[in-house]
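In what follows, chain A forms one complex with chain B and a second complex with chain C.
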Partner chain A sequence: MRPGVQALSLGGLVGLLFAVSLLIGPAQLGAGESLRALWSGEGGATVLVMREIRLPRALLAAMVGAVLGLSGAALQGYLRNPLAEPGLIGVSGAAALGAVIALQTGLAGAATLALPLSGLAGALVAVLIVLLLAGPRGGALTLILAGIAVSALAGALTALVLNLSPNPFAASEIVFWTLGSLADRSMVHVALAAPFIGLAMVALLSQARALDALTLGEDAAQAMGVSLTRVRLTLVLAIAAGVGAATAVAGAIGFVGLVVPHLLRRWVGARPGRLLWASALGGAALVLAADIAVRLIAPDRDLKLGVIMALIGAPLFLHLIWRTRAEA
Partner chain B sequence: MSHRGAVSPSASGPGSETMVGARQAAGRRLGVFLTGLLALAPSLPAVADTPARVVSMNLCTDLLAMELAAPGQLVSVSHIARDPLVSPLAEAAAQYPGNRGGAEEIFLMQPDLVLAGVWTDPVAVGMLRRLGIEVVQVDVVTELDEVADRVRQVGALLGQSARAEAVAHDYLARLASLREAAAAIPADARRVAEFYYPNGYSLGVNTMSHEILRAAGFAHLAEAEGRAYSGTLPLEKLVLSGPDLVIRSETYAGASRSEEVLGHPALVALAAGPHGYRSTADWICGVPQVLTAVDDLAGHRARMEAGE
Partner chain C sequence: MSGLTLRDLTVKRGECPVVDHVSLTVAPGEVVGLIGPNGAGKTTLMRAALGLLRSEGSSSLLALGPAERARAAAWLPQAREIAWPVSVETLVRLGRMPHGAGTSPADDAAVDAALQRCGLESFRTRSATALSGGEQARVLIARALAQDAPLLMADEPIAGLDPAAQIQIMQVFQTLAGDGKAVLVSLHDLGLAARHCTRLALLHRGRLVAEGPARDVLAAQHLAATFGISGAFVETPSGPLFQTLEVLR
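Moving on to the complex of A and B:
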């Protein structure tokens, strides 16, 4: 299939799921009426529901999914390892820790950008630790083991901070930070995360040619004019910014970056560069679909997104480990 | 007195460690009891029914006990009673040693009577009873009229029936006058209010908060929409219903996602200015302080009417 057709079909899927996400909700609103209210801004309470409750939820699902899918594809391309994923290597968990610290210390209330920046800082520490331990060639075992250790530490510290909070609700929210949810998010959250996610996506997509060149090996890539230091720096900062901001507003949503590139890799001819934009669109579609699913399965219960993602992602992860083992 | 506050059966069953513990406790209690008798004898006529050392391990019994107990009779209240967000007597509670509801710490206070709620940790309550301590679990109050019964019940348990009768009488008189003011508002002129608490939790019809709302002269959206039970109310449903008043809780220190929804732009738009109200500690328990809540909310209603 030609790239243009692929982009159109994936983009169409995202558009369709975005519209479905806008149209489902506990209040039974007519499709025509609600879309008209969203577009024209006339219709009183319906406008408020569409613009302030449903639109931010759909936007966040698309943004968060896109940056997680893209980050997974970029990490896998750079490390040439299909198991690399922000959630599995502990980046999402560390971003959640950063966000929780910003919220509980009052930093997030004092300065607007403190929340996404703390998520970024947490994610950055995790990316650096994992890449340092795994090395530039990213041995699968070291990568996953380092990820387990970083995840466990970040999870424990998140639980500690929330348990020490003077707020009686905080401790019960460990599950939000580890499994993620988009319930009752608002345009405030969209505005906080969007600049970071936007910059991260531009930076990651700009690495398409470098990642394609890297499939020939590092020496060949350098001979083709790729600066490995710059690629690495760009990836580290962009993944930290994107995953950090996404996690700060939506919690840690795992497996998106693992599932999406895996499903789309063959479809785009196994070229890491083309896999980047395909994974961004695929990630947006997957998280939109998962967020629709949680609302259909348990409308009033705030079922966490991570539950759906792990149900899809964990069996695939086992399958990938099995295949990696068979190849070795 | 209400039949609902079941008095614990005394420890039974021969030859167990529990029995030994109970006997020791009984001996110690007798000692304390006699001391108490000597101290309190001159001021108390019904002395045989008066426990000398009372521990309360539930916020609502804390409030009643602080109101009704004789000086020195109440030994400890729950630490929650010191939190001004949920306790209308937070300052008074700071005068008492606090407890966290553990069986061990309460046993060591050597109480003659422990006051608990029906939802108090059954493990702690069971252990105290096996140790031979009398634990009375006072039922939750969901109706304004019941508050007087509960005051009398706890008063009788504390051996302070005369004081309780005066409090109950005063309470019923204030309640009647507040209800009279609310009854003057015709049913079709009542403003509609709804509760929106952390995690989008809203209160149904079978709650004390519903009664407070009615007594302050409001109609309850849940009643109009036929939602009898408390539970999650999706924000978009609330926005589409568009009540005249949204009642939220005060938020705790620190931060939580559960409370974050109370600041959601859609809710803030709905609860702007006089359309928003924050419930206080007076709303939490079925104790005489609920009338402060009714009074304050009725004042808010009057200001809404004047603002038109």
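Moving on to the complex of A and C:
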């Protein structure tokens, strides 16, 4: 039962990191005391810290990491390319643009949900444009090209918003937001993102067999009863919902969708279907770990999660390239 | 009903027909060799028959839903694609997908039989992408065999393989036909086609110009009109021999 053992060990790692994440913060609370407060709801300020600050942060880290890892694995499986990452179809760039517009116009200050909702709207517009450009029967290549075009446009518009930003404070707020962070998020953010991320994960995990079949190429998979049109539509919509929601609440967090499937591929025997759940757990673990690192390394400097992620992700990726080269 | 029946199958690219009113049957117990020059429409014909391309006319497979079709016909595309370094057994087991989860004793038996038929038992746990081209070709054929469909369609399965591998694969097809399956295989090697196929079908510019025993299809006038070559066909004690001779210009 190797898959079972793998699921247990990865799941255990996520559980452990989740618990550690709950126990770290500027408020010096005892481990037993804080977990008891979280569970029982008795203990005044401790309950508040645990339930309103640390729990949403840990939940978001796990959710965002899981959906990013899963989306990366699914897209790599569909495109049969280990370099694919969820940002490829333009969703994260567009979600960031939506959020930046909310910051720029002051909407974000007016209502808590204005920023993430605006991010989600950006993701929705992006996926509609991508589907329109790539067409219902469009192949993998047109999908990638449409994604690149949408990403480039969203990037340019984000730069324009920054460029026209009325004062340096608004500009720095935008820049900091785009670096990605899970600090100061509330249960409201969790409640907003959870349905999108949950649906996205169910939809992506349902494509395991189709992605396995795609190992043999599109023609052979189709002749084995896989509907490529349905796989593509499911993937694009699910990644838009999941990554769009993740970006909307946490900002742009790169490298998870690229590195996690890479790290785990050999471990699951390279099977794209099995890589899905493994990457979901692996992504959750990686983002939880990075978010713990953010708080341990510089507790008072508000180090951004996206920055740490890139600092962990890029060397990890280089190491993988090195190893691949050594094997070849 | 098993095998394949095509009636007036036509595929158009714009206005130009790439496959032009082809009617062909492949019955259980037959290995039909689909021959013709490059661009004659062999691949297009097979993909249209499987419903991978839009076509006019009828193919017996198109009457079935995608799931039933996957149990009625196994398709071996020309591009030998293995995207991930999965084990040989995992890859071959993908062929069981149309039959359910792929983990029942019947699935195990089909995978074992396919591996054995292609001489791959010792490769079971090897990574499929680390094998040589010829070995990968055999693994992919084993995958199609594991699908255990009454019809196998293979697009140039022996291109680029060494002589022994080519003969082995043609013999696998003959054994399948002996077991009551139908095989449609496109080939460029006319000598192997003459030796190992029960029947040949000759395509030229999308049309079926000749069909029948190798001796008739590989007649001088057909060779000249379609391939622009001459050839020699000889019956010998060790079976029919065909050798291409010269380009006629």
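General observations
Criterion: the second predicted complex is superposed on the first by the 242 of 328 C-alpha atoms of A that agree within 3 Å, B and C clash if a C-alpha of one lies under 4 Å from a C-alpha of the other, contacts with A are read in each partner's own complex, and residues count from 1 in each chain.
One rule holds in what follows: a contact is a pair of C-beta atoms (placed from the backbone, for glycine too) under 8 Å apart; a residue touches a chain by one contact, two chains touch by 3 or more.
All values derive from a computational prediction rather than experimental measurement.
Of the two partner chains, chain B is the only one that A:167 touches; chain C does not reach it. Touch criterion met: A:269 reaches chain C, while chain B stays clear of it.
Residue contacts after overlaying the shared chain place A:227 against chain C, while chain B stays out of touching range. In the superposition on chain A, contact is made by A:219 with chain C only, not with chain B.
In the overlay built on the shared chain, the residue A:42 is in contact with neither chain B nor chain C. Of the two partner chains, chain B is the only one touched by A:188; chain C is not.
Once chain A of one complex is fitted onto chain A of the other, the partner contacts of A:53 are limited to chain B, with no touch recorded for chain C.
When both complexes are aligned on chain A by C-alpha atoms, no chain A residue touches chain B in the first and chain C in the second.
Within the complex formed with chain B, the chain A residues making contact are 25-27, 29, 44-46, 48-49, 52-54, 103-104, 106, 108-109, 165-170, 172-173, 176, 184, 186-188, 299-302. Within the complex formed with chain A, the chain C residues making contact are 47, 50, 52, 66-67, 69-70, 73-77, 79, 81-87, 90-91, 94-95, 97-98, 127, 140, 143, 147. Residues 198-200, 231-232, 234-237, 239-240, 242, 252-261, 264-266, 269-270 of chain B are the ones that touch chain A when the two sit in their complex. If you check the complex, the residues on chain A that touch chain C are 80, 209, 212-217, 219-220, 222-225, 227, 265-266, 269-272.
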